[in-house]
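Following are the structures in question.
Two complexes follow with subunit A in common, the first pairing it with subunit B and the second with subunit C.
Let's turn to the complex of A and B:
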């Protein structure tokens, strides 16, 4: 029964995407064309194929995650289409590929369940670290790193015998693999890590060896920051570690020491790296260097301010004036064209996604499934929070994709993995 | 086991609440400030990139048009095919300098109505045409070009109206500029050059600059005397070469310091035709400050003339400031001292005489038309005010006709057409005089017969310099316009 409701809501999300595209075309003065039908078909296919995979191999999966993800993907896709229809045409391929990948993962885990992932935890850790380091490969290699917008986040593969470059952001998938590793690690050790062994004054500390992961996490995040100039990914990974450690152990000391580490690392980074200083000053006063560092933030504010309560209407604003409006700043584009109504709807959808995700985690009796679904939810929640916070100036701009909404195959693939794992984990707890 | 997880969930949800509050602040509270920030490129984009209606002259020459941008769909490129011809009246829409002229004042008609505002949606629901509307001007392209050509390299202005309707036929100001150079984002240097130019090309001298009107003001002084019954065309006055003003050592002399006719007496009409300062200084003192100011204000001084664009008010001081100062009254009466007038004001003085004493509200937009060419609305001529009595206007008309037939305005004459006018040579301390001519034709136009009233001013005498007079510099310019109009 709930699967039927899910199917109806997925159809609604596909219809929303198609109507959005139609409105953009109408606003541009052109008549409806194949884009509208294609968009509906691709959305119906992407989420439909995951839906069918759930029906076949995870019939008790939570029915809310797919429709919420579909809604966010639809809103994001409409803005990507509005800003660059060619990019949107590519995005449709990424959506379809992401859908197939998610269905494939559900199929893979059909008999063994997510528990099988525990067996390969160190493989995932090595793979994740390897993926994170891939962008550092020298430019002369067939698989090599590439710098985009000052950050070394991309990997480019030159396909032999074909003059084609494939690019992807390995960090997107790496963070999902890291979450699997961490969930598995914590499922084994959380009780030991929660045990108090010694006290320094009022501060009660666990065994030093259990603190190891925190220090490794801080160090890894800092290294990523240093070598890849990626403030967002390092902050996200660090927050993921700390959030999962706390959720698994209930020890506030991890949060406190994590916050201290963030402050220390932040101060050091501020003093050592010019690009961090620029980000901070652009955050504090984007209009001080309006044409330079503060430009993107200011354009985002102009866009959202111009959108006001109800927005300019789809296709009638100028989100194309915002730098990176199809990725980092897609939230500002939504704010401009759909107004406060649209941006609050997006925030609410993320909040719903997080609520459903934690709901799954809370109902899990199995530790690994609990930490896995909780960790994946933390991942999506914090990533959405960090990037939107950058747009609305709650935090400095961190440079992350907006989960499910941004243009980009790597990001969508990561989101699809998360959907598949959350669906499968929720199914297993209801069996 | 679940409590830490629950707390983590609440923390993240609290984070989203913070985002919701921040977003609400940006969009709902600070929104208008961001929206209206001059650095917001949307202002510029909506100004420059949207489709705007065409602006055409009365003889269907395109003054402004929008074409789809070759680069990006959805945006349009504005161009001004006439270059400097309509630069001041039509104005421009610029990325850097905002909008001027009709492009600014009539943006409500010119800009597309297709948007998601409540009024836009209502308009669409009511079946309204969302496309931008165009403007048809009253300006005659041929006359406008003749006026600009006649002004040449001089600083100056021509303003011409149809006296019976107020329709503007010429609105020319030189030097001008090419608005096409000011549109784009790379127009900074062009704008800077225009701004720094001491000749102020951006200034619309026809409506936004006042000059001492000199002897053209004698039309008003005469109207004051006629309306008050103090004098008629045949009233006789002494004819000295110079007049010592009472209570002072100051004198007012005629243009060349000589007597006007023979040094005995001269009729008011003869004095008008020859523009004798001594007679009008005396007449001004007889009329008195009160009557002089009242008449000038009846002609539109000290009022903002209603118009499609903002007109600088012409000025005469309050009567009580010179009631007890006969020398000031005398000097004001010949259009010197504290009297200042725009070319449009002096064109309306001529138009009032041509139109039996009534001034029509000047207008430059005759029709607003839809994108398919159908006229949506047309301007109806409206009487602005009565400047002088029909009888006084008739007398003035005769006197002004004689100025062109046999007086200082002979250079404005067009064979076969009854032209009336008045010259002015406004003295300015330390620089050459401004050369004026105001006039109209034909005198006693029949019903439906085309008629034109105009004012010409050449700043600081133009290329003639110190030797310039209204008759020698401004009247020939008027003649060219009359000749074209009556061709």
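Let's turn to the complex of A and C:
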């Protein structure tokens, strides 16, 4: 597998996106137009730029990350285009910006490598918490928080002297910064956390002082997210903390206590928050309140059910009936138009991404790089799992974006960061 | 008629998706090195002499039962190096893991530039220094 093969696979992913868009238009009765060409160009540009950045500044980067990411982005984009072409036009801009950002990160780290991130870990922690706090800024300020769908996750910037509002979800980038912090912290302390515990005896707990900062960081993040009513992101961050602690120490005690904590927190949240109760009941029986809380889940189920084995065909279903089909429920849209086969393709692609990511982590000899690439992989894998599980009703809806597939600039930007860091980390391991 | 074409296109598109994934999966398999985990599938198979004189030549195949390395004519791998002890180190392969062990040599055994005090696992690309002789595990 070489850089050239990577380029070919990127071109193939861009072609898939273009073919999908062409099929959507064909189904609608119109013939090929500029959208098909634009889609191909934007995909080739986005991943091509990162590819060229890898060639120039990280020539040994794993060549499989970009093609898999391109594949997922292509399928997501096709559905976004199918549901709302105007949104897709915006998404093309986001893709291009994400590609340039990833290339920029690779360039930034060209000499110093990811190791430089390790030194600034508390800066990243502060930045992450700051980003998480941003949506709480009062409404009257030029930069202020905004409530979307009952969660206060968005920041809206009112550009002065122009009637334009820019919004973004700072939490998406914050979780990547938190992963860098955790990787850096654990790289220094993992030995203490894994070995000290052994000497304590039957109750295998590490010394509290080693865990302190991690717990404080986790606690701060959760409090903010709880206050913003973003339980999906809380769950994701918690899973990330637990996953990375386990990866760093190899101690099952973290996983077990983490699961217990999730169950306890879930019960408390169920009793304390009305919107959690609503979500749980919509999960257990979406048809009990079909026109209300259960509507989204139920529509998703109808969509996937009508999709059956091979789907209705691109542009031939009605995924526009599902609320939030371009973001949270993009998987249901894929299930409707590409059927079980398409859904399996998506899940396979995520599984391959996780395989490649953990493969990179396993090969790393440097602890920081190992935990960083492992943590980023856990982040993508868990997020994909949580939201897809929510759509197919294995878990309650968590309201996360589907990594790389959903419409959204913040989410794509975070994914681009992840791709750049994974690529760079894998490059350094093979020099 | 259009319905038939649309259906055929749909199936074709799905096939393309899986063809793409198949390519990726194939590349991952090559990457990992055939079957088994990276550690098992691509364990070290030979020693390459980077610097110094080894009577067996520039490349020595590693065998499962292990080798002793030293200046003594009775060592499995004999090195002509005044800084090496008679039986300087042992290189063994157990459960697919290759390990280097110092046999109480005078000048020590170094893995990747660090003096080892206990049996140390090595993977492909690691260097083992015995006296002035430099070996690489491949």
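Annotations for the structure displayed:
What we mean here is this: the second predicted complex is superposed on the first by the 411 of 431 C-alpha atoms of A that agree within 3 Å, B and C clash if a C-alpha of one lies under 4 Å from a C-alpha of the other, contacts with A are read in each partner's own complex, and residues count from 1 in each chain.
Here is the rule we use: contacts are C-beta pairs under 8 Å (C-beta built on N, C-alpha and C of every residue); 3 or more make two chains touch, one makes a residue touch a chain.
All of these numbers come straight from a predicted model, not from anything done at the bench.
Partner contacting the larger number of subunit A residues, of subunit B and subunit C: B. Contacts of A:358 after superposition: subunit B is touched, whereas subunit C is not reached.
In the superposition on chain A, A:246 makes contact with subunit B only, while subunit C stays out of contact range. Of the two partner chains, subunit C is the only one touched by A:9; subunit B is not.
Legend: residue contacts after superposition of the two complexes on their common chain; A:316 is shown touching both subunit B and subunit C.
Of the two partner chains placed around the shared chain by superposition, neither subunit B nor subunit C is touched by A:95.
Applying the stated contact rule after C-alpha superposition, one finds that A:67 touches subunit C and leaves subunit B untouched.
With both structures placed on the common chain, the touch criterion links A:231 to neither subunit B nor subunit C. Subunit A residues in contact with subunit B (one complex) as well as with subunit C (other complex) are 310-311, 313, 316, 339, 348, 355, 362. Note for the complex: subunit A touches subunit C at residues 1, 5, 9, 12-13, 16, 19-20, 23, 26-27, 62-64, 67-68, 71, 75, 310-311, 313-314, 316, 338-339, 341-342, 345, 348-349, 352, 355-356, 359, 362-363.
If you check the complex, the residues on subunit C that touch subunit A are 6-7, 9-11, 13-14, 16-18, 20-21, 23-25, 27-28, 30-32, 38. Within the complex, the subunit A residues that touch subunit B are 28-30, 243, 246-250, 287, 290, 298-299, 301-313, 316-318, 321, 335, 339-340, 343-344, 347-348, 350-351, 354-355, 358, 361-362, 370, 374, 377-378, 381-382, 384-385, 388-389, 392-394. Here subunit B touches subunit A in the complex through residues 1-9, 12-13, 15-16, 18-20, 22-24, 26-28, 30-35, 37, 39-42, 45-46, 73-74, 115-116, going by the rule given at the top.
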